[in-house]
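Below, subunit A partners subunit B and then partners subunit C, in two separate complexes.
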Partner chain A sequence: MFIRLENVYYTYNLHMPFETKALKNINLDIKKGEFIGLIGHTGCGKTTLIQHFNGLLTPTSGKVYVEEMDISKKGIDLKLIRQKVGLVFQYPENQIFEETIFQEIAFGPKKLGLPKDEIEKRVREALKMVDLDYNLYAERSPFTLSGGEMRRVALASILSIRPKMLILDEPTANLDPQGRNKILSEIKAIHDNFGITVVLVSHNMEKVAEMVDRLLVMNKGEIIMDGPPREIFAKRANDLLKVGLGLPQVTQCMYELKIRGKDLYTGVLNVNEAEKEILNNIKKLNSQLKKYERL
Partner chain B sequence: MKILRNISFGQYIPRESLIHNLDPRIKILSCLAIIISLFLLTEFWGYLILGTFVMIGIIISQIHPKFVFKGLRSILFIIMFTLIIHLFMTEGEVLYQLSFLKITKEGLIKGLFISCRLFILILATSLLTLTTSPISLTDGIEKLLSFFKFIGMPAHEIAMMMTIALRFIPTLLEETEKIMKAQISRGADFDTGNIFNRTKNLIPILIPLFVNAFRRADELAIAMEAKCYRGGEGRTHFRQLKIRVIDILTLILTSIITIIASVLF
Partner chain C sequence: MVSTLIKIENLYHIYNQYKKNQIVALDNINLEIKKGEFVSIIGSNGSGKSTLARHLNCLLLPTSGNVWVDGINTKDKDKVWEIRQKVGMVFQNPDNQIIATTVEDDVAFGLENIGISRTMMQERVNWALQVVEMEEYKKCEPHLLSGGQKQRVAIAGVIAMHSAFLVLDEPTAMLDPRGRKEVVDIVKKLNREENITVIYITHLMEEAVESDKIVVLDKGKIALMGRPEEVFSKAETLKNLSLDVPQITELAIRLNKKGLDVSPYTLKVEEMVDQLCLFV
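And then the complex of A and B:
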């Protein structure tokens, strides 16, 4: 078990006039190598939850374990935890401060006290992971980049620490479709090729559902669903719509057909699957019709 | 990060109370009168009167006194510092001596005197900012300053700058916290090392903060121009300030009390 949360509660501004309960009784296990989508409305506690994973926040009550180590205890070296759990915040391009892209990405490894040649190796590796050419980009100023490129540099600056787990808070927010697809496919490749555990936070089901093995759905500070996206769409599409989260467009389409009396499986994630399912359904109907005619 | 959340000095707490509903101009003038009389009076009795007056104000405002005093904690250092300076630096009748350091009776009295002054000063201004929303505060200041328009005081511009500055304090605090967390996640460390190192460690926070602030200022300027902003000339207000009987009564009461405190004592 990589990360385990037990009965975690978190309250902002405890005992103050503006007290708000952000997390309520969260119980969660994350295994090594999982690819998880964390979905919920703005303000439902997603960002608060992920900040518990690397000790930026400590629970008001409850326990957080990273690799069986209780990180809510005092005296734990949180730097070590943050090296294992890389957290990429929303709009990570807003944290860029160095003169060159090389220095920006080298910031983390430098703080780890690594030797010079190792730092360069890691910068090259990280730039490659986000598909930016070292020779073209290393000496450029990060402030001259486009929005999508800046975000990839910010992502590389976390990857250079070589975390075992990567948490991304809305990595596609404010990007055009091209930049969005690019960064998502890079994240997918990072997960597949390096075996890094990934948690992808989003308020949008589109795309994310297709990529992840496991979906966590949050509402008002609680995890209300936990399972493979297919299963959730097949069994609990109704509840998802009820909390106002919506389904991916194809899944929504299948769901509407089902409501109108078609006997369809709604656990589909992309257009191809939907096509197959609809064709199967038509075939089934045709054969039934033929049987009926023969009688 | 804890520090950023614990600033209650200068924060507005919405409540339905007599003090909240007073005209902001009256509140600013009253506060000013109290401050002036604090500096005029010469006897401890004056402090007692003014202190009680401000405390009654806090009770009427329905804001928990604990919250008001929490904001004072950050000022405590300055108060202690002035007390100690006065304690040791004033010549006079020696009460206690430790080698070259000596505490004098005059120093003790003077130190306590100045501390009381600072204490009530902060209490009174806290009461003003805790009970007045930033918008009505700047509205009040604009109206008060417009008395000086004839000598070329840019009242509206000053008020607008204040509104924008006040508006962006929480935004910048929030952003600082976010950037700090992001850099901590990348291995930055803000809690250890000597002063020189700690200052150097602030660079990863300050540069993004400045970059974002300038970008934000730029966007705001464009947005304001797009909405045809052109200064205060001929601008109307959605919220009209009106002086009511209770406002006049409050002003009279404050005047009497501050005059008694500063003239009689």
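And then the complex of A and C:
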């Protein structure tokens, strides 16, 4: 088990007039190598939850374990935890401050006290992971980049620490479709090629559904659904709509056909699967008709 | 007769002209927007969407060509304030455009600057907040509002000026799905019920579906223009411009190719369900 949360509660402004219960009794196991999507409305506790994964917040009550180490205890080496669990905040490009892209990405490894040649190796590796050419980009100022590129540099500056787990808070917010698809395919490749555990926080149900193995749905400080997206869409489409989170368009189409009495499988994740499901059902219908005619 | 209210003729805009880093942001744009229309402008980042929008209320002036608003050329220096009163803008980041300490003060800010009477001002502020469904937050501090609510307050600030045009530059880019829906619903309502002409910039195709006309920009040129069903049926072209076609339209196009009786111009889930019900 890579991360385990046991009965975690978190309350902002405890015992104050503006007390808000942000997390209520969270129990969660994250295995090494999983690719998880975390979805929920603004204010549902997503960001509060992920800040528990690397000790930025400690639970009001309950336990958080990272690789079996209880990080809610006092005296824990949080620096070590943060090397293992890399957190990429919303709009990470706002945190860029160095003069060149090389220096920006080298900042983490430098703080780890690594030798010079190792630092360079890490920077090269990290730039490669986000598909930016070292020779073209290393000496450029990060502030001359486009929004999408800046975000990838910010991602590289976390990857250069070689975290075992990567948490991304809305990595595609404010990017155009091209920038969005680019960064998502890089995240997918980072997961697939390097075995890094990924938690992707997003509003974009369509993209998340296609990418992740496991979907966590939060509502009002609780995890209300946990499972493969296909299973959730097949069994709990109704509940998702009830909390107002919506379904991918093609999934919703299947769901509404089902409501109208059509016997369709609603666990479709993309256009391909929806097309197959519809064509299959037409074939089924046709063969039934033929049987009927023969009788 | 429907009158053309915004006319753009051979518009070029060049940033850093005659310098090494010269960029042609708008490359011969010709466009007419009629009274009461809902026009969406889509395109990837850097395609010139925002540059075009900024020409509509004199925030930018053409390098060459002309822009007329209600018959006034935007180059006419004496008419700048008149044009800005006609054409209101709402930008992407809700936190950058709210300045006052209460919601009603913020909506009144524009009115204070044109010097109208206090009673008239109160009337207009109340009306504008009612239209965007924010009247119960009148005395609220803006920083306590959600993103979608802040954008609605910004919109109220524009319509309180009785602007005939509302230009929105990616107003939902920083909002979550719920906030997005709030803003889109209000904009549609303004267009329908208050007859405000809307120019809506976005890269979310779903939001452009219900407009009267879609203009697709690519590298400063108009790549496609027409009714939503015309534009979205050209899925390949849109993909080449690195834009997304709504999932449901893509599904419709594919099923149509397979010989099913589904219109390739299907833009909404309900339309698809209605068609499929006949033979699934």
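Here, the second predicted complex is superposed on the first by the 295 of 295 C-alpha atoms of A that agree within 3 Å, B and C clash if a C-alpha of one lies under 4 Å from a C-alpha of the other, contacts with A are read in each partner's own complex, and residues count from 1 in each chain.
Please note the rule applied: a residue touches a chain if its C-beta (ideal position, glycine included) is under 8 Å from a C-beta of that chain, and two chains touch if they have at least 3 such contacts.
Remember, predicted model here, so these are calculated numbers, not experimental data.
Once chain A of one complex is fitted onto chain A of the other, the partner contacts of A:13 are limited to subunit B, with no touch recorded for subunit C.
Touch criterion not met for A:25: it reaches neither subunit B nor subunit C.
Once the two complexes are laid over each other on the shared chain, residue contacts for A:148 go to subunit C alone; subunit B is not touched.
In the superposition on chain A, the chain among subunit B and subunit C reaching more residues of subunit A is C. When the two structures are aligned on the shared chain, A:161 is found in touch with subunit B, with no touch to subunit C. When both complexes are overlaid on chain A, the residue A:58 reaches neither subunit B nor subunit C.
When the two complexes are overlaid on their common chain A, residue A:253 makes contact with subunit C while staying clear of subunit B.
In the three-chain superposition model, subunit A touches subunit B and subunit C at no common residue. Of all the residues in subunit A, the ones that touch subunit C in their complex are 41-43, 146-148, 173-179, 203, 206, 244-246, 248-250, 252-253, 256-257, 260, 262, 264, 270-271, 274-275, 278-279, 281-282, 285. Residues of subunit B touching subunit A in their complex: 5, 13, 64, 67, 175, 178-179, 181-189, 203-204, 207-208, 211-212. Per the touch definition, subunit A reaches subunit B in the complex via residues 13, 16-17, 51, 54, 56, 79, 82-83, 86-89, 92, 94-97, 107-108, 111-112, 143, 157-158, 161. Taken together, the subunit C residues at the contact with subunit A in this complex read 44-46, 92, 146-147, 173-174, 176-179, 203, 242-244, 246-248, 250-251, 254-255, 258, 260, 269-270, 272-273, 276-277, 279-280.
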